[in-house]
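What follows is a group of structures, each given as structure tokens.
Both of the next two complexes hold chain A, though its partner changes from chain B to chain C.
Showing the complex of A and B:
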């Protein structure tokens, strides 16, 4: 059954008189895998944090599973969401296994078998304290901590920035497996466009505070020109986006 | 089973459809052969399962694949049957669209285009 998981309605957010989010409206439905693209500093993290209720918008609203995002503290909503922040929040002196044990205590649905399997598949040494892990291992541990309670909605902020291509591929395959039944939803921000092209079904591009692209990936590839010319499109008419472009080319074209 | 390029301008589901068509046309896939599940292909190739599912559904609609309860998608036994003229014209229409667009961009008038197509058809019939 498809429901609206996240609904953003005219979100506005300013930091120091800089408009980071300008009237952002969008929806995420069950089974979507949304790839959020944008230059560094475009506001992707702000968008994700605001969408989840971790930050309060200046105006506009966000809802999660039909409830206002301000209700994020509500256990029933929180347990349905897994968030991987850009800066990990590992406890430096704690061993991975202990850290996961700590996180697991907050959730009644914690699946330690799943976490054990993933830790093995992803090569994450759980016997070492966080401060002895490499950047890639820290990132993977951080992801594990967000997946243990098998959330319906997984939000990841630059989840693979520190992973090598092999690790990224293994991670993507896992994510793909997780959403293949269509009952889970993922939103992830990245600047690794090629990963997005594999796993996302829908693309958001955040530029100058606005979602200049909110489109199914297949549509972007098939009808780039049509999108630019149709009245309701969000592509500026002057953009050089045509059909048959790779996502990276589309992204670069939009930023010329 | 497939060679998929997520970075090409061609959506993945379209690539899968094309490749299944080629494989059935060249007997690499025969009537009755089973295809891997959506999930298997999605995970192996690290692509979104919905795009694989879309390809399978469209191939089913085309009559190339057959879906049976509890069984994997299989290649249809009816492949040999010729499609109706309407269906075949519809396939051609997909190629006519880009041709017309190119003609416009090259600022060629209708008569030039029709003459070019006629010539190509004649050459083909020789």
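Showing the complex of A and C:
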């Protein structure tokens, strides 16, 4: 049975007078692997973080596992979520092993074996303090910190932006392994469209604060894109204008 | 010249504001004689503190940041220009002091006149020593410190032999050679390629704990830590030892540093009338130190609470309670350590017990006020201008207090401040809680101190 994990209803968010998110309505259900695309400054980070309760919406609502996201208090619900932020949360003077040990103390179900294996596979230098790590190594450590408690919902904000191609491949394989059971839900933002095509089953495209595409990946490629843009459809699904296009071409076409 | 100086004084917006404040301070300092006689001394000290304190206390650090910044690495001869600007700033500071000395000679009724050349040389030497010593991490040169420490010792010797100090008749050659060598050393170091290195430990507390995890080994236990939530909130290992060390540092660093300055200047460390330890001076600087440290330390907590949002049970109100409890624990430690310092001062000086008691109460209330204000400012996303204004107000208050004490007033007139501070702290705490309950972690993000950043 699929459960609605995240529900966004007419979500709006402003910073000062700038409207970052405009009337966004969408749902994330169990087993979804959603790839979020958008230009720099399109509002991807704000959307993901507002969905997780880091910010209170200016209007509309966000719910997480059926509860209002910004007022969520139940630890059991919080521990079903793993979040990899764009800006890592490492403590500069702590070694990787210490930091993971520290994070592990928050969770009753911390899987040290899994983290140990991933750290070896991803070649993460756990013996070095975070301040000595490269950006890519820091990112790997952040991902490990978000996966150790084996969350049901994994939200990743540009997780592979600083990873080398090999690390990216290994990371994606791991994600594919995680979602293959169908019990895990993943929402991730990225600029690397090929990665999205490899693992996502659904695509969100954010443009000027609006969710202009919310479509299953297969539908998107085969039938064209239905654009939920104010002022009419750019590519009605029926017209099939984008049919046969790669996702990257569709994305570029949408932003022309 | 102005473009060079703007590297240090006019680069960021807060620097621009502080520069105008410094100029205002310089005007007050130079025109102190237009004030009524009763407030001339405080005006002179406060004006001088503002005029010199801000630009010179940040100059060394700004210079280090400037030459370490990768963005500027390709600017031709930037390192040399920056060093020249630092020298100019030092000269400007010395000349300001010279102008103040001339003004004092002209309008002061004191019998002793100051020798402007000697005062300028003294000021130049002291400022040079300060800005050059702060460079050793960048230029990797301990020898540089040797050269700038030498004139400090010379000044100390000169002051002891002659409190009126005329360096031109005592050790002029030594001073000039030592300071010039220090500056030449710095310029030579600037010709070498830029050295990029990680910052020193971002927080002193990190080095104080033993490290349980051996290198290259997966270690699931964290080791000695009071609370993982506290560690994430503070950004370093959280334990009683680190908290105690932090409080002790905050309470002792400033007064010990100020006593060091007095020692260098040859001022009598014991009270001239009673021949006892100047406890009032020591305790006042201690009060200032802990308040300044707390404001900086707790300011980042509201933003860092986001790290607990998905990890700890509870809504924003619960996170406030976690933070508030940690803050109150720290305040208790401040009270305990301040009491020990006060007791020590009381035994040494046999002062009226009201003084140390007021000091302990002042420490706790002022720390509470500055901590909660830091939390309020950050949680509300206030502009850094607010912090700059508060910084100026604190500096002025402190300088006026010191000036008032130096001019012989008693501490008693400051007693009424304590209940006022406590009331303000309570009000600010309520406002801080309200701000935290609607904090937007998308807009307010933790400030970071990072080391090497490479791919």
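To be clear about the criterion, the second predicted complex is superposed on the first by the 236 of 256 C-alpha atoms of A that agree within 3 Å, B and C clash if a C-alpha of one lies under 4 Å from a C-alpha of the other, contacts with A are read in each partner's own complex, and residues count from 1 in each chain.
Here is the rule we use: a contact is a pair of C-beta atoms (placed from the backbone, for glycine too) under 8 Å apart; a residue touches a chain by one contact, two chains touch by 3 or more.
The shown structure was predicted, so the numbers you read here are calculated from the model rather than taken from an experiment.
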* To do: After lining both complexes up on chain A, report clash or fit for chain B versus chain C.
  => fit
* Would you mind checking which one, chain B or chain C, touches more residues on chain A? => C
* To do: Using the touch definition from the top, say if A:4 reaches chain B (first), chain C (second), both or neither.
  => neither
* Structure fact -> Superposed angle chain B/chain A/chain C, CA centres, nearest 10 degrees, is 160
* Return first, second, both or neither, reflecting whether A:201 touches chain B, chain C, both chains, or no partner chain. => first
* First (chain B), second (chain C), both or neither: which does A:23 touch? -> neither
* To do: Considering only the touch criterion stated at the top, classify A:180 as touching first (chain B), second (chain C), both, or neither.
  => first
* Smallest separation of CA atoms, chain C relative to chain B, angstrom -> 24
* For chain A, which residues count as touching chain B in their complex? -> 31, 33, 169, 172-173, 176-177, 179-180, 182, 194, 197-201, 217-218, 221-222, 243-249
* Given the complex with chain A, which residues does chain B contribute to the contact? -> 6-11, 13-14, 38-39, 42-51, 54
* Which of the residues in chain A come into contact with chain C in the complex? -> 13, 15, 45-46, 49-50, 52-56, 71-75, 78, 81, 83, 87, 89, 91-95, 97-98, 100-107, 110, 112, 115-116, 119, 125-128, 131-136, 162
* **chain C residues touching chain A - in the complex, by the definition given at the top** => 198-199, 201-203, 206-207, 211-223, 225, 228-229, 231-232, 235-237, 306-307, 309-316, 318, 438, 440-443, 445, 448-455
